[in-house]
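Worksheet: the structure to be examined is printed underneath.
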């Protein structure tokens, strides 16, 4: 299956990427590489509502943070899609950077980030996986529990 | 106006980039891409003095942090300029990464980062904007309120 | 000396990169660029043991954090090496990103990161140095004191 067919099978619809929360753009293409801006778990069509707000795990549970990471990835793919004619021309994700807004004794950033990585694996194939960096940060814009960005390779 | 003409109009002079605070270099070019090192708001000609020091907003005000982000961008552009014959061969900024040294309940990283993004918009044009990632971190080198780096595309 | 000869002179053996702690891969090559995943100071052959655990400097000393950064770099180079036929085809390191798990009043991230940068300087030459971004974060996966990733240029 192609990435687009896989999206359809998963019932995921890409959409207009969330409006940037500052003076920048959702995605830029240079050559065959697309960079997306850092994405928050803004729910499409909700006028800016986040799927969860606060630190992991004292305010936002691990499970909700993982879901938020999944929402961020859909937003990131929606942003990347603005730079290509067809979503299927995205060959793979080169890089995923994940920032988790967490308590300073939280050490399961990898589990949160898996909410993003596992979805990417389903879409682009497990044998075509990405590199990842996941860290815990002091705070994030809008008190989001997670922010992430991707670098994608285009055919 | 070209980026260089715009710099002149804004009264901004590029300069020798700040001496790295470790065993690295201010900028590297690979193909038509320039990466700069993370830049602190070191004031040119001040022998290493920062425009502000401490966490946002308890020690450094939002306004001063925004100014610091602007100083960082001038340092980043100065670093990028060392890799090109003419500043005008910088076509655009692909990426801006902003790290804000802040209290753990601060959620306006986007406003701080706008100090950088708005200046880039003035220089390279609002219709030629960059992607951005802005996060809040526990601490930064030299207790700087902000650190940022850019990835630039060269003609 | 070539990078490989330099590694031998330093008594450093590359190895199978540590198993990713999530649904991603250690390294990806796109064109002549290799991205590595974020690397923790996992000791080779130890079944996942870190060279140190905890925050810098209250739990992990500056010296031990610097050593951990060095271990991370060896893991990162091992990951990058999986993407090339010969290690000597790595022309240089373009970028080093360093995240230090530290107390919120720690401001010597640059000294920790030098544990990585100095080793890269020995291997690839001081006149062929990398750009770097070093920040302090609230926490890291597995309570590692440092996480880092590299972007390398291939011949």
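Chains: A, B and C, in written order; residue numbering restarts at 1 for each.
In the analysis below, contacts are C-beta pairs under 8 Å (C-beta built on N, C-alpha and C of every residue); 3 or more make two chains touch, one makes a residue touch a chain.
Every value quoted in this text rests on a predicted model; they were computed, and no experiment measured them.
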Can you tell me the C-alpha superposition angle of subunit A onto subunit B, nearest 5°?
120
Given over half shared residue numbers means same and under half means different, the subunit B/subunit C interface is different
Starting from the mean Cα coordinates of subunit B and subunit C, work out the distance between those two points in Å.
25
Can you list every residue of subunit C that touches 2 or more other chains, as numbers and ranges?
104, 137-138
Write out the stretch or stretches of subunit A touching subunit B in their complex.
20-28, 30-31, 35-38, 55, 97, 99, 101, 104, 137-143, 147, 149
Would you pull the subunit A residues touching subunit C in the complex into a rising list?
32-33, 92, 94-96, 102-111, 113-114, 117-118, 120-121, 126, 129-138, 151, 153
